[in-house]
Structures are given as structure tokens and as C-alpha cells.
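First chain A sits with chain B, and in the next complex the same chain sits with chain C.
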Partner chain A sequence: MNFTRLCALVRKEMQEIIRDRLYLLLAFLLPVALLVEFGYGMTDDIELVNLAIIDQDHSAASREYAQRLFSTRHFRRVAAPEPADMERALSDGSARAVLWIGSGFERDLTKGRTVDVQVLIDGAFTGAARTINGYLEGMNAQINMEMRSAIQARQGMAAPVPVPLQAVRLQPRFLYNPELRSIVVNAPSLIMLVLMLVPPLLIAVSIVREKETGSIYNIASSTVTRLEFLLGKLLPVVAITMINAVLLWLTISFYFGVECRGSLLQLAFAILLYVLATSGLGLMVSAAVRTQLAAIFITTMTAIIVSTQFSGLFAPLDTAEMSNQFIAKLFPAGYFLPMVRGIYLKGADLSVFWPELLALFIYALVVLWIAHTLFHKRTHS
Partner chain B sequence: MENPALIELSGFSKRYGKTVAVHDITLRVERGQLFGLIGADGAGKSSLMKAVAGVLAFEEGSLRVFGTELNSERAAEPVKARLGFMPQGLGLNLYPDLTVEENINFFARLRLVAPAALRTRKEALLAMTRLTPFRDRAMKYLSGGMKQKLGLICTLIHTPELIVLDEPTTGVDPVSRRDFWLILTQLIQQEGLTALVSTAYLDEASRFDALALMHNGRVLAQGEPDSLSQRAGARIVRLHADRSALTALATHFAQLETHDDEARVYVECDDDLQAQQQVLEVIAPSSAQSLSVHLPELEDVFVALLRSLEPLSASTPHWTGIVEHAPVSGDNGHAIYAAKLTRDFGDFRAVDEASFTVNYGEIFGLLGANGAGKTTVIKMLTGIVPPSAGIGRVAGADMRHAGQAIKERVGYMSQAFSLYTDLTVKENLLLFAGVYGLEPPLAEERMRWVIKLGGLQGLERTATGSLPMGLRQRLALGCALIHQPRVLFLDEPTSGVDPMGRRHFWDILRTLAHDDGVAILLTTHYMREADQCDHLALMFDGRVVADATPAQMKADFSAEHGQLLEVRSTNPQQVLSALQAAGFAQAIQHGHHIHVMTHEPDTAVLRIRAALAAHGLADAQLVAQALTMEDVFVQRVLALESSHRHARARSRV
Partner chain C sequence: MLRPSFKPTMRKLALVAAAYRRWGRQVMAIIVKEWRQLLRDRALLSFVIFIFSLDILLAAGAPGFDLHMARLGVIDRDHSLAARDLIYRLRAPYFDVRAVVDDALVLERLLERGQLRAVLIIPHGFERTLVQARQPADLQLVIDASNSNLAYLVTSYSERIIGQWTATRQSPVAVATLRPGGLPQVRLQIHTRFNADLRELWFSTISELLTMITVASILLPAAALTREKERGTIEQLLVSPLTPLQIVSGKIIAMVVVTLLGSAVAIGVVMHGLLDVPFRGQVVLFFAMVALYAMTCAGLGILAATFARNSGQVGLIVLLLVMPIILLSGTWNYIESMPNWLQVLIELSPLHHFVPITYGILLKGADAAAIALPAVKMTLLGAGFLVLGVARFKRQFR
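Coming up: the complex of A and B.
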């Protein structure tokens, strides 16, 4: 390897990047834009969900129960459908959830029996459905206890089950603070997603552009080695991405207000290895394809599918199916996510993650080797 | 002892999947040679050159460069230090956001040129190409000719022994092209370079030491340019005759070009007198005027070779029968009327008071260097760009405000042919018919008409992308004609098409104009085509600086500059310096030939002979040559450029 040539390649790359406004925008605006966009987009918070209540008991207790549900900003009451039309109300979107209070609600409540209230939730958006269910269950538990003790007090009977005083006072806002929770958990995870997407994209665009214009022949017809060329593309992108990592950290800390609990230096080291691995993936794709369109499509689709489905972003990997666990092992996101979560959220020390670090390091070497094997200076077409 | 060849191919073949790009080529390039590959788009030139540069693998045969067999990626590496490769596409391999100097520096560092050596070489090459004043300009803001010269510098910066240049002059105007050739010739002599250069312009052939004519992946002929013309065993008989005589000639001789009353007949006969007789057997001697016999030009030889390949081409086009429209009134019957057309882009005046007229039935050629304003004129006339001032009228109407009825009298064929390559021939024609609002029954009828007239029968269901360039060009013309316009705009319609295809195309244009009365305005960089126009306008710096028939332009030029004398020698460089020493300061090298303009040919001939004899160059041949359109164009533009520079220098003072 010749360092004069490598420096020439890196220098030219930097000059081009700095002068190409579109590329510059792509390089520095896209990561933060993605972070902010996904940061809001992925929040589990829900407000004013359309809720219908079918009350067949028509009692004071059932009316009060319903009223309590709508005392928060989470639910908005919509007209109750006929019991036979419950499902249609959900499918046509007029309600996201339907509660059915059967007759005998107050009677059973008074007698201290368990009351069954049927709930039907729109399951099209699994995440939102789960959240709605959580809200309802939580509120139901709280209201239930309040109402039961109120009724028992009215009737002068001793409470069949001792009810802790504190539970009654629980504020739903406390228990169900989804906005805060989702951003805290998600923001560091988004570093994984953004850095899975952007570096391969930048690399692929810059290599395949040279293939399209024919300037790749300057390299192919010269004595530049394949490794020099690949490193000449890799290093500027890694440098840009590390600057981006700082921008991401600033955005998460100051815009979203989530501070890093672990060591920033350790975080930077983990990010560096991760970026080397994801950029290497970009090199691999660029070596194989011929048009920018194909390069952009492949890197973007891979990044989005891998980082959302096979990284442990929404569900922990160790509970996933074996096949999914295997796929996750093929991409760097799954190794990086526990590290970034651990360091950022829990203040974990990097030494805990040495298997992941080692995996990423080997990963980076392997993809670089594959790219080197796939890239040729003398091609067949 | 035989000199080892620098490049040696034998039985070389290259395929892309099932498509054969190059078939069984055997070829030698000697050290120090300027070797030309000449052929149209798709002839296989690029594949061959990429293989020589070691960037393309091939399937069969052997390829040796510097004596090294290039049979693997690894084997090709050592050769790369000694060669420079410039791929096809004007400046496409350069980095647009980098300045001229940064581009050069990048190539130099890539090639490990030592900083001190780089400084001197860079300055020398910049000075030689006159790019020194533009060293800090971003490459993307250079003109076509400048990009091409920068590409050459970058290819040469590491002092290679062999350079491979793929179509360096395509899309560049004749002045920049001549400039480029002068620089290249000079460098080759100074540095003992060997160069493999491809071109689609046959008129550049005389600049090569040796060349190969390529077509459809095969080499049809190779050798020195002059010997190729001699070996063809044919003569060109030029004469003037009346129409019936010309028709008689056309039935007897398959290869014949006519223009007005003048004919160039290709006679397959190796003797001047016999060739002349063969022509005079067909027409009465009395009907032939100013008859002369010449050696065929390379283009004639090429066309003859192509003809022997496709003797009875079923696709010979036959365009007639444009339906007569109602006569168009206004503008005194001018088809195109431009009066002081002006267009400013910010501070930049692209077109400056351009005035000209084009009549129905006339082929009007708009010439000019890249950036002279030709395309902007066409855009203003067709209503795409509004003029800043002046009037532009087509078919009696201003295209900006013209209604659909008038717009349908105009056809436009762009440089890129703007066909949909994934669609079939039929689908393309029906699409354009639809665009011009033809109803289905009429569209079907016109489609059949275009297919018949364009000789595209049997190709209706063929994907356009798989057609050869010549047919694609005819289809593009067909699409521009599907609504039977009365005025036709053609922007560089023949670039990349082989000479046979170009001749067919011009036959169509002549029929359209002269028989059917269509007005045609076209731009071209082929000066041979300019010669065939009925009328020419030369643009320079946004202005129309000359407006006359080709014959008139040549006559004006002769009156001003005199007769053209050509000196042919195996040692052109020495001849050039001998002549310059003898007081012919404006002598110009043109390949192996030196051109001198003189008002007194008789005394000049004597002076030239004396000068040559004094330098021991008496074997050089001296011929009085007819002026070509290229001579006129290049000299005019050069003169304008120098007065332009002076004027600017004065205005700065």
C-alpha cells in the first residue's frame, strides 16, 4: 500500500464532498433529520383515542365508570354502536376501541364479585393497540378500586380485600408517561438506525457515481491498488460519520434532553467500530452494483429492514425466533444496539461488551475483504 | 531486425453476454505511431481500447502490450504504470467540482509524480494547451474544447509511453478539434509517445500514421491512410452535368454523390484515364463539364467497403410523398425568419442580434464552435426559450404564441434522438403520433408510411435500443416527421452514425427539401455535411458572422486568402519548419500534410520547391487543393477569435 496515493484519493474525496452541496447536505443534514423524524415518529404516546362504550347496565356505577375513563386526555367518547355492530365500528375507523359493560355491573360490583368488561381494540397498529390496552387496563384497575371502596363505604360494609390507600391516589400520568419513556429508550437506539443507513449510502453513491461517469477508469487504468481505492473511499466517510455522531449526540442530549450516562469516549469507540462495519457493507454493495439507483435502493432497504426488524429495536433478540436471530447475526446492528443502550441509558462500562466489540471488528475486516474480492480493476463489461 | 510492436492483437474477440462486440481482430501498433481506430458508434472501438488499457477482460485471442500478455487482472497491472487512458465522454472522467489544477494534481499524485517534476511538467502542459489562465477554474465551468485538453493533460501527467484516447474529439467543434490534434501531434513528436486514438470523424483519418477502419466489431481495412486510398483500386471522377446525365450515372454507378449539378462518382478502376472513360461511356462527353479524376478519400473507401458488406440492403430508405399542405402565407414565404434575435442569460449574451432567413425547400446549415449560440437559436425559434429581444418566426408565426395548428407544421429532432429505447419501433412511432394529436386511424396510416419510407420494414416489433445507430437515426427522423411538418429542426442529427448511414440520411433530407419543399435547419460538426447544405450561417460568440452558400463562402475565402497548396511528405515536421523559415508563417500542419494559403500560387510553388530542396526535402509532393469547408470554418473562427481577443484587450486598457 502506498500512502501518497491513499492520501491523494482521500484528499480528492474530501475536496469533492466539500464542494458538492447536495452530497454535503446528504452527509450532514440527513442523519440529524432522520433522528428527529424517527424520534417523533416512533413515540408510543397516544392522545384522544376514539373510544365507544356500550353500557347495558345503565346504573350509576357503570355511568361513573365510563365517565372516569374520559376524564383523561387519552380517550374521546364516540357514539356507542349497537352490540352487533361492535366490529364494524372498529373496521370503519369510527372507534379505535370499544368497551362493553354488561348488565349486572353494579350488582356484581356491590356483591364483591369479579366483573367482566369486554374490550375490543383495533389491532391494525400493533404498537398502538398494545398501548391502548395498557392504558385501559391500568385505568380500569384504578377506577375499579376507587369505585369498589366507595360503594363498600356507602353500604357500610367492611372491605373484603384491604385496599392500599396509595393505589387510589395513583395519578395515571405517572404510570403512563409514554412520551418520556419512548424517547428515552428510542433516541440512543436511533444512533444504530441512522448509522446503519447513512455511511453505506454515502459510500455507495460516491463509488457508483464514478462507475457511471467513467472516472473509475482513472483508477482502473492506473497503478492504484484495489485496497487503496477502497480505503480512499472508506476513510472520508468514516471521518464524516464520526462528525455526524457528535451531531447526533448533541441533538439527543440537548434537543431530546436525554443525557448519556456512560463514558462518551467509550461510546465513540463503539460507534467507530460500528461505522467501520456499516461502511464496509456499503463498499460491498458498491463493488457489486453498477447504477446509483441500485446502490441507493439496496443500501436503504437493507438498512431499514435490518435496523427495525433484526436488531432488537422493538423486541429483544434473545426471545426472537432462531431464524431471525441468525439473520441478526449477519448485520452489525444487532451487535451495536446493546452497547449503545447499555452505555447511553444504563451507564454500563464498555468492557462488558467485549464480545460485541470483537464481533464488530471481525465483521468490518470480513466485509472489507469481501468488497476487495468483488471489486475489480479489469472487468468483463 | 524487426521492431517489437507496442500493441499486438491477434484473433482478439470480446463478447458481452451473447452480443459480440469485437470479432477476431488482428492488429499491430508500432512504437512511436499515432494509430487511429475509425468507426461509428457500436463498431467495437471502446471495447478494444479498454482491453488495451487493461480495464476490460476479453474472451478470445491474445493481446500483448509492451510485450506483456494481458490475460489476467494481475498481468495487466505492471503495464499500467507505462500507459495513460482517457475513456469516452467529454471530460466525464474528470472531477467537476475540482479546479483545473486540482484535477492535474490528483492525477499526478495518483501516479506518484515527484512534486518537483510535477511543477515543471504541469506548467509546460498548461502553457502548451493555453489553459494556464484557467488553472483555478472549476472543471465544470470549462468549455468542451478545454475539458478535452485538460483530459489530455491528466492522461499525460505521468509521462506515459503509451496513451489510449477514446473518442477525444467527439462532440467538439472543428476549431477545438484542430487545436487538439496540433497539441497531440506536437506531444507525440516531443516525447516519443505512442498513441492509440479512436474517432468517429473520418476527416480526421489523414492525421494518423496508421489506422484501422472498424464496423460491427470487425476491422474492414488497416494501414497508412494514403496507402488505404491507393490500395482501394478506385478513382473518384468529379464532373458537372445536367439532371438527365446525373440520373444515368446513378443507374450505372452504385456509389455516387450529387449536389446540385455536381457529381462525385466512385469508379472501381485503378487508372485515371480508364476511370474517366468508364464515366464517359455512360453519358455523352459533351454533357460533362469540368471533369476531373482524383484518388478516393478515405470516406469513399470506407463506404465502398461497407457497401460490399451489405450489397443489397433491404433497408435502403425511400422517402417521398409528403402530403402537400395549404401554402403558408406571411413573411414573404420564408419558412424561418430571424431578425435580430437576442438572448441574455444574466450578464451573458448567448445570442446577439442573429438574423437570417430559411426558404421552403432549402437545407440550411447553422455552423459554429461549441457555445457559439446555435442551440439557443433553435430553442428560441421552436418556442422553448423566449428571446430577450428580436423576432423569430417559423411557418409565419411566433412559436411562443402559436396555436396547435401552427406548431404541428414544425418538427424537431434532438441530438440524443429522444427515442424510448425500451419501446418497439412501432410503439415509438405511435407514441409520437399521439403526442402530435393524430387520431388512431390516421396515426396507424402515418406509422406505416414512415416505416415504408424509412426502410424499417420487418423491424416494427424490434426494441429501439437494439437497432444500429443508422436505423435509430432514421426512426428518430420518422418520429419528427410523423405529423408531416413543413419546417424541420435537426440538432446534430448524424453524430455517431457510420458514413453509409449518414449518406442514406442525407438522401432523405435532400428528397424532403428539394422534392417536397420542406425547410430544414440543421447543425453539424461534420464539415463534409456543411458542404452539402444549400445555405450556411456561421455563428461566432452569439453573432451570425457569415451567411452564404457553401460555394460563395469558399469563393469569398479564396478571394481573401488565395489558393490552398498542400505539401505531402513523410517528414511533415521538417517541411513545416522549412516553410516557416522561407517566410510562409501561416503554414499549418494537417496530419502528414502541410497547408499553405497563397494569392500567387505560381511564384509560391517555385519558392516552396526551392525551400524544400534547400532542406533536402525534394521528395515532398506539392498539390494545389480545393478548399474544404473545414479550412474555411477553422480559418474564419481563428481570425475572429484573435480579433475578439484584441478587442477585449483594448477594452480592458
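Coming up: the complex of A and C.
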């Protein structure tokens, strides 16, 4: 490998990028724009979720019960449908859950009985259904506790021994994100997501464009080796992406206020390996296909599928089927996510993640090797 | 003046009809050209087939939102019968319980690497407090909250299991003091509709199909139009008798048909055939909506392409549009919990309107009336994209 030639190639690529003003603008705008949008939009906290309550008891107790459910910001009251139309409210999406308080609610409670309240939840969105179910049960338990302790306090004087309402009390302590803020959880995932999506696409058309326009023949007739050519394409994109990574970090820590608990240098090193792997993936596609259309389509689709399905973005990978866990091993995102979460949120030392680091390093070498094998200076056509 | 007046009108009508037929034939020529190009690009074609078949199948095995074998470390400092009994209750399929060393450093390392999701600490004297029943017996649960959904599930499931366990071994003292009727309580009878067992694969395959339709029908027309601009073949098309509207419609219709075929395979063969995902609504209504949606997306793609001069640019522009559309349109997030400005912006996302339509028809058996509002909004949006896109396209080539 000749460094003078490599430098010349890198300079040429840089110049091409700088002259394409819109591309240059997008290359720097895209990551931060995506980050800000997702930072605001991807919340796990349920807030103001539409809940309808059919109250057939019309009593003080039933009104108070409903009032308590809406006293938090989790639910928003929507107009109650007719009891016969409960399903309709769910199927047209006007409510995510419907609660039905039957008549006799207050009467039975004052008699010290157990009163059943019917709840229907829209199960089409499984994740939301589970969360809403959990919130409702949690709030119901809370309301019961308060109601019973109020009653006990009234009778308390008479009872010989004060009995705890709760025999066992679970005291949860949330590590790394005690306030359970969504943005704290999402910040490292967004680094994974954005750096999986953008670098492959920045590089995707690079080789295939030269094939389509025929400028590849200049390379074919020169002394430039295939490896130098590929590195000439790869290095500028890696450089741009590393600058983007800094922009991402600045946005996350100063705009969203989530600071990196681990070492920044270690974070940068992990990101560098990840970016080499993801942009190598784009380079591989670009070397393999013959049209820019195919290159863009395959890269975009792969990046989206990998970052949403095979990274552990929404749910941890170890809950997936074995086949999916295996496929996840073939892409860099699954290695990077636990690592960036560990360093950024948990303040872990990089040495904890040596297997993942090694995997990413080998990964980058393998994709580069495949791109090298697939790429020929002379295209057959 | 006895000449019958209907003859010229008939002739005029015939002329108009012929003009329309010619218009249609010309558009058809573009459509066939697009299909040929797609068929000849082996790599592209294989990937289009992949996203509507194998990829949907893979989505069936995607990680789920339920608590499944979450690795829970347990430190038992009580070594009592009660503690062992409790640990036995925290079991599969929710938890994968592992005894861990009572060493803060080791624990920290296990939590950092994500090898444990949570640690339950049973303190010394747990059983004694429980039997005496004078005060609640405390348990500590340390949870890795770097994945908040999981942290939430771990907490609520362990609370529920522990609650059930205490109920079965209610201390005799406590039972004695309660009145015969006991204290009142409200019990929620929760039922889930449309997916009663909350089978994840119904959700995951539908949402994956939505993602694939969205990206394909925005990206393919956008990239196809940009390619013509980049190579200059668009000039050839424009000096032909074709109008810009015809060129654009041809490209859109070609891709809409591809999307329809793809979703027919994905839903008919993979989802309904292999995976037993229900199809509760009307088939015709659903595919009409898919066609409308694909057209709306294609309109957005054409509009995006008018801003790009080369393929590199169009890819980035489409990514900028497509990612928020996929992730913020209501499949993965709660629209109602987003900030207001984002709720207004997301009205511009075609997928935001298509999500209730798809889940409505497939899972809820919704009829035309139930999906009318989102369908109208989506149509208006699509018309808007098309008018803008064609107008900009015309101006660029005048």
C-alpha cells in the first residue's frame, strides 16, 4: 500500500463531497436531526393515554375512583361510549382502554365486599396493552391500599394489634436511571441507531456511482490498488461520521442533559470500531451491486431492518427466537448497543466489553475483505 | 337547419375518448419500462422479494415486549424456608433465577454487562418479620433501568408474584383480626380485545410489513426519478410526447402495483398462511387502502426526488423523511404522549393515518365507516404531495 496514493484518493473523495453542497449539508444535518426527533418522540412513559370510563353507579365512590385514575398524567378521560358500544370505542381507536363500573359499586364497598370492575384493553398494540394493563393494576392496588388503610384507621382504636396491610413490601431501586426518564434510556440507543443508518448510506453510492458513470476506468488504468481505492472511499466517511458522533454527544449531553458516565475516550474508541463496521457494510453493498438504485435500496433497507429488528432497540435480543439471535450476530448493532449503554449510562469500563470490541474489530476486517473480494476495477458488462 | 345536433357531440366525445386512451397507453408504456428495469436489476429484485417474504417471517421471531426469562440474581441473606419458597415462585417463563455472590463489585460488573437485569435481596430476618406480622417484611429489588420498559416489567411482575405468594400464606394473626367480611377492595377484571393472548407475532409482523411498504414505496419512485435526472434520460422522456404528469403517474403506478403484489404475498402467504395472523376485515377494502397508501408514499417520494440532483442526495433525503415516519407514527410510540408540536407534525406522516387503518382492518375487523376519517386524511395528504411534486417537477424541466 502506497500512502501518497492513498492520500491523493482521500483528497479526491473529500473534494467531491465538499463540492456536493446538499450532500455535505445532509451528511452533517441528518444525524442530529434524527436524534432530536427521536429524542422527543420515542417516549416509553405513558402520558395522557385515552381511557374511557362507563360509570353506571353514579355514586360518590365511583366518581372518586375515576377521579383517582385521572389524577396522574398517565390517562386522559375521553367521552364514555354506551355500554353496548364498548368495543366500538376500541376499534375506532378513540380509546385505548374502557373501564366499566357497574351499579352497586358503592354499596358493595361499604359492605366490605370485593367489587369487580370490568376493563377492556385494545390488544392490537401488544406492548402498549401490557403497559396499560400494568399501570391500571398498579394504580388500582394503590387506591385499594389507601381505601383500606383509611378504613383501618377509623377502626384502628379497636384492633388489638395493628396489622400491616402489606405483609411483604418490595422496595425497588432503579440503577443508572433512577427517575426512569425515557431520554436517558434512549440516548445511547439513538447513537446506535443513527450511526447504523447514516454511514452505510453515505458510502453506499460511492463505488457504484463510479461504475455507472464509467469514471471507474480511470482507476482501472491507474496504478491504484483495489485496497487503496476502497480505503480512499472508507476513510472520508469514517472521518465525517466521527465528527457527527461528536455532534451527537454534544446534543445529548448539553441539549438533552444526559451526560456520559464513562470515559469519553473509551466511548470514542467504541464508536470508531462501530463506525468502521457499519460503513464497511455500506462499502460491501456498493462493491457488490451494479446500480445506484439497488445500492441505496439495499443499504437503506438493511440498515433499517438491522437497527430495528436485530439490535435490541425495542426489546432485549435474548428474548428473540434463536434464529433471530443468530442473525443479530451477523450485524454490528447488537454488539454495540450493550457496550454504548454500559459506557454511557452505567459508567462501565471498556475492558468489561472486550468480547464485543473484538467482535466489532473482526467484523470490520471481514466486511472490508469481502468488499475487496467483490470489487473489481474492471466491471464486466 | 335540419342537421342533427348530436353528431358533432358524438364526434367530440369519440375524440376525447381516443385522447384518454392514448394518454393511458403512453402511461402504460412508462409502467412497462419501469417493470423491465426492475426485473433486469437482479440485486434490487431479489431484495424487493426478500422484504415481502423472508423478512416478514423473521419479524415473527423478533424480541418480544413480554417478560421472558429475565435474568434475576438472588441474594438470600435470610436462609429461611420462607425465602426459599419465595425464590421458587420467581420462575420460568418470566424469570431465570440465578444465585449470585453477595459481593457489590461482582454484582456491579454483572449488571454493567447486562448479564443480570435485576437483583433481589432478601435481608436477614425476613421470615421472622413476616411471621410476627407487626410491620411489613422488606425486600430489595435492584433493577437495571437502562431499558425502562424491561425495568417496568421486572418490577410489576415481581410485585404481582410476591403479592400472590403473600396471599397464600396470610399470617394467622392477620386473618384473625379481619372482620368476617374482610376489608373492601376493587378488583379489576381485565380483558384484552383483538389479540386476547397478546401474541407478539401478530403485532411484530404487521408492523414490519408497514415499515417495508413505507420505505419501498417512498424510496423506489424517488430513486428511480433521480436516476433519470442524474443520467439525463429524463430529457429524452420530456422531448417525447409524454407530459411530466404522465411520467410521474407511470412511475407511481408501476411501484404501487409492485407494493400490492408484495403485500399480497406477505399477508396471504407468509402472515395468514404460515403464521396464522388473522385477517378479520374485508380483503378488497384492505388492498384498496394499501394501494392508496402506496400512492401517497410514492407522492412523497416524487416530491423528495425534486430536491435531489443525484442518487447520493436522494438516499439521505429519504432517510431523513422515512425514519421519523416509521418510528413516530404510532406503532412503536404513544402519539398522545408526544409533545404537541410533534403531534402536529406527525399529521404529515402518511403512516400515522395508515396504522389505524391496517390494525383496524386486519385485527379489529373494522369496516369502511370505522376507518373513514384516517382514510380521508391520508387521501388529502397524498393529493397534496402529488400536486406539489408534479408542480416542482414541471418547473425544473421547463
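Going forward, the second predicted complex is superposed on the first by the 316 of 381 C-alpha atoms of A that agree within 3 Å, B and C clash if a C-alpha of one lies under 4 Å from a C-alpha of the other, contacts with A are read in each partner's own complex, and residues count from 1 in each chain.
Quick note on the criterion: a contact is a pair of C-beta atoms (placed from the backbone, for glycine too) under 8 Å apart; a residue touches a chain by one contact, two chains touch by 3 or more.
Because the structure is a prediction, the values reported are computed rather than measured.
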**OP:** Considering only touches as defined above, state whether A:R261 meets chain B (first), chain C (second), both or neither.
**Re:** neither
**OP:** Answer with first, second, both or neither: which of chain B and chain C does A:N50 touch in the superposed model?
**Re:** second
**OP:** Check whether A:T4 is in contact with chain B, with chain C, with both or with neither, and answer first, second, both or neither.
**Re:** first
**OP:** Quick one: classify A:G342 as touching chain B (first), chain C (second), both or neither.
**Re:** second
Original post:
Does the superposition put A:S215 against chain B (first), chain C (second), both, or neither?
Top reply: first
Subject >> Of chain C and chain B, partner touching more chain A residues >> reply: C
**OP:** Give one of first, second, both or neither to describe whether A:R107 is in contact with chain B, with chain C, with both, or with none.
**Re:** neither
Original post:
Which partner does A:I296 contact after superposing on A: first (chain B), second (chain C), both, neither?
Top reply: second
Original post:
With the two structures laid over each other on chain A, which partner does A:D20 touch: chain B (first), chain C (second), both, or neither?
Top reply: both
Original post:
Across the two complexes, what residues of chain A are contacted by chain B and by chain C?
Top reply: 20
**OP:** Would you pull the chain A residues touching chain B in the complex into a rising list?
**Re:** 2, 4-5, 7-9, 11-12, 15-16, 19-20, 213-215, 217-224, 376-381
Subject >> Residues of chain B touching chain A in the complex >> reply: 16, 50, 53-57, 72-73, 76-77, 80-81, 83-85, 87-89, 92-95, 97-98, 102, 106-107, 109-112, 138, 154, 164
